[in-house]
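Chain naming follows the written order as A, B, C and D, and within any one chain the residues start at number 1.
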Amino acid sequence: MVVEIGPSNIESQFALDALRQGIRVDGRGIYDYRTLKIACGPTPGLVEVQLGETRVLARVSCEVSRPFPDRPTEGIVQFNAELSSMAAPGFDSGRPSTQEVAVARMIERTVKQSRAIDAEALCILAGDKVWAVRVDLHFLSHSGNLIDAASIAAITALKHFKRPDVTVDGEEAIIHDPRDRNPVPLSIHHTPICVTFGFLGDGELMVVDPSLLEEQVQVSSFTITLNAHREICALSKAGGVPLDQEQIDRCTQLALTKVEELNEKISEAIKSAVPDTN
Amino acid sequence: MQRPDRREANQIRSLHCMLGQLSRVDGSAQFSSGKTSVLCGVYGPIDVKVYDEKLDRAHIEVKFRPDIGVPTTKDKWVESAVRSTFEKEVLAQLHPRTLVQINLQVRENDGSVDATAINATTMALVDAGVPMKTTVAAAACVVLKDGSIVADPTKEEAELAVSTHTFAFANGSSDGPLYVDSRGRFSMAEYNRCYDLCRLTCDRILAFMRTALESKIQKESAISAV
Amino acid sequence: MAAAETTTPGQLSFAIETFERIHPTEFQRRFLSQGTRHDGRGFAQFRPTHIVRSTISTAQGSATVRIGNTTVVCGIKAEVSEPDVSTPKAGYLVTNVELSPMCSARFRPGAPSEQAQVASEHISRLFQSAIDVESLGIEEGRACWVLYADIVCIKHDGNVLDAAIVALQAALRDLQLPKVEFDAVSGVVSADKSKMQPLEVEALYPTTLSVLDGNYLVADADDAEEQMAASSVLVVLTDSAVANIWKRGALVERKLVEKCVAMAEARKQELATLLN
Amino acid sequence: MADTKVVIPGDVIDTTIHMETGDGDDSVVRLGPGLTQINDSVTSISAGVLHSNPETHQHWVVSNKRRYVPAEGEPVVGVVTARHGEGYRVDIGSAHDALLPLLAFEGATKRNKPNLAVGTVVYGRVVVANPVMDPEIECYNSNTGKAEGYGELSSGFVFQCSLGLARRLMDAQAPVLNALGDEVPFEAAVGLNGRVWVHAETPAATILVTNAIRNSEFLDARQTKQMVKELLARQ
């Protein structure tokens, strides 16, 4: 059985020693993200995010479906985030580890439960036909901080996606072929983005965007999800050492500036996306 | 008959291949034919589960994930097709009691995805340095209602097809196929025309693979020569 | 050990069963090199094939197929359901192949094995084109027939795929669906069991051939032969065309596939007689 | 050798072209890594640069990999994963953990032997490498009984690189080591399993060395020098 082996003692010790002097193993500053690359398209809703060596692919798709009986005027948003052995040796899609479950749950909370997608705008014929939008997140390479990379990929893909246009004529709904009529973007309420902090040592050493080694050594982590309106959409501090109230405040302030930068990068990426040839 | 993307009947879409862009695996490749694109990450030889351990050779495992939705029996079928194609070509006996794991992820499926998956697997296995008897290339074509045959069909063309044909061939002198999946309703005359077309296409894909590998290797060897 | 002392060179010093068990490949090779197979068949010879229809009284259509020791039972249950949004006029066929520990010690209880899933998927794809799914429609967008075909292997002694395809074919021919009426107001489907009608099924004739050690092409491999096969070719024919050629495993010569199709043509006559 | 012929799996290698210098008698062809015999012809089984030595009739293919397959005599950097009665299990990046006997250290006796915790990094040498057995390493030279640089590595940092880069680093004249050595004092232990241990005076210097070595993977000698210069300037 392939088991992910943690870092050696000297790697862990070195990461801490360096951090105590304010430097990180990969040469970054403690408040720096790794290099972020967002590639959109050419197909609408296909986005690959590269955060350092971490890679996540997001794919948004849709199909016509029947609405749930208790919500006849709302579209359906389905979500799928599963870690496979592509991302790192030892990941097994059959038996997810607690870490994998945590990542998938956080992303789902960020994108789906924060109601970023306008579900009512996905209704075609009340009680009969609605759009079912699917977000598939494929983790391609795990080099730390999957959550932030996945949240950026998911929200960019939703903004980049276009669904076929529909005309409703009485009881009939005509779904237009993308070649006949230009597809339309989804109605997105807001763009929640995760910013993750790792805490090392006794919790006094904080880093933004922890690398794989930092994740393996950290004693606690904290993820804050914010949108461009400076609203908090989700918070997660699952276990680990207790943190000071002040540290959380500091994280929130930092996250606000980070989210602003990330939002700009997302908008830029969508603007410079390769156009679909079809 | 005019193809929607104005290709000639025997023309394949433009090929792209990126090697070694994943950092956690031992070898990786992204192989694309037009919009159809498959990413493959290979580990091996690595430790194997006791359940799968073979005393005289490496166990070969294939995992195939679709671009949309969770894996279904359709994807198990592709896994089995890819595994059967490579099982006898990987020199598994050189690494007994180990595992060679092939992870495939469809980035986008616009037709001919089985063939593209096989091509991505070849490149990733070579990138990982897993010993292989040969380099494998695969290609697909379809027979349309008017009897015309078109190479490397898009999803749209495949849906209109009377029969679809996927072949894999090996680098080298041998004439025969490594993998055949012909389905629909067809005659042996049509099968043979599809065979010839895919054989030619595979030769071009093999030449493309060689170029892609050469440029990577030459870049590396230029460095070590200094 | 007394026997061993009296053996002459070239003869086995142990029981033939022991030889088969300790060196199965060499055991098979001895027969093949003599132009025969370990069960006495010729290379192109199939095992005796039997088809019995209506073997399960509780299913709407059923059949049991035996090819040598390999036994497969197929039962079809028809239910009324809502059609898929993307195909409002059509019904559908759901196939499920079961290879349980009962049929061979190789299979483990629990989730279906890869072999079972691959067989289910392959058969499902084959039969999509053999039945007219729109003939399973009842009322557009409201009601349709769903045929659940459970294909259970009772004894696995090689060539299960051929047996499963023949079994499903026979069970579909055995199937009788009642004439149904759809009430648009209540949305209720009522069946008239006095008026039963069969389903149109295009005939599919499967033939599996295996390439054994040293390039011997044999028809209808049994379990022992399948274990040592370098590659296998499945040919499925209809009355007038080829429906499927599926070749897996090691490299073969181009001519070999054509030879397989010719052998399948001969087998087709045999199966056609058995099915009708 | 100006020969940079690239081969891919399945290519048939013509072994006769380099035989001209042979005296006819000595027609034995010797195949090294990356080549094998399939149906009477010499065939490449990996992608890389084909090398031939006309004098010895040796042919082999040089290719780069990431996954380590142990070979006898090679130095490796490993991490202790478990301790058993007879020795340690050490992860050296290959399919199976290597065995490190308790007494395979300099001066180790039944009474007095090193006690290594799980997670300890060791520098060792492969002594048993065989596809059907788990590999075995030792942390001293069993012929001389001396450590010769092998043993536990404490402090410093360990990182991964390709097997090809590791092999290049084994050469003391490797451009990146030369360029660094002139400016920063540091120690390094290179494992042919693609793991490199470095130790410099400060964490900042260690990180600099680590990044310089990692960056040198795709750079030639001149580019390497430039890259190291730039890294130093940023300090």
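Following the convention adopted for this analysis, a residue touches a chain if its C-beta (ideal position, glycine included) is under 8 Å from a C-beta of that chain, and two chains touch if they have at least 3 such contacts.
Quantities reported herein were computed from a predicted structural model and do not represent experimental measurements.
Following the contact convention of this document, B is the list of chains adjacent to both chain A and chain D.
Setting chain A aside and leaving every other chain in place, the chains that still touch one another form one piece.
In this view the innermost chain, defined by its CA centroid being closest to the centroid of all protein CA atoms, is B.
A centroid comparison over C-alpha atoms places C as the chain most distant from chain A. More contacting C-beta pairs link the chains of B-C than the other of the two pairs A-C and B-C. Distance between chain centres (mean CA atoms), chain A to chain C: 45 Å. Look at where the CA atoms of chain B average out and do the same for chain C: the two points lie 27 Å apart. One simple way to say how far apart two chains are is to compare their mean CA positions; for chain A and chain B this gives 30 Å. Inter-chain centre distance (chain C to chain D, centres taken as mean C-alpha positions): 52 Å. Counting partners per residue, chain B has 43, 46-47, 99, 170 as the residues that reach two or more other chains. In terms of inter-chain touching, the protein chains here follow a pattern that is not a line, ring, star or complete graph.
Remark: the chains found to touch one another pair up as A-B, A-C, A-D, B-C, B-D.
The touching residues of chain B, when paired with chain D in their complex, are 26-27, 43-48, 55, 91, 94-99, 126, 128-129, 131-135, 170-173, 209-210, 213-214, 217-226. Residues of chain C that touch chain B in their complex: 114, 117-118, 120-122, 124-126, 129, 230-231, 233, 238, 241-254, 256-258, 261.
The touching residues of chain D, counted against chain B in their complex, run 4, 6, 8-12, 34, 36, 38, 43, 45-49, 62-67, 69, 94-96, 131-132, 164, 168, 175, 218-221. Partner chain A is touched in their complex by these residues of chain B: 22-25, 35, 39, 41, 43, 46-47, 49-50, 63, 65, 67-71, 99, 101, 103, 105, 107-108. Those residues of chain D whose C-beta lies close enough to touch chain A in the complex are 79, 81, 91, 117, 119-121, 153-158, 197, 202-204, 206-207, 210-211.
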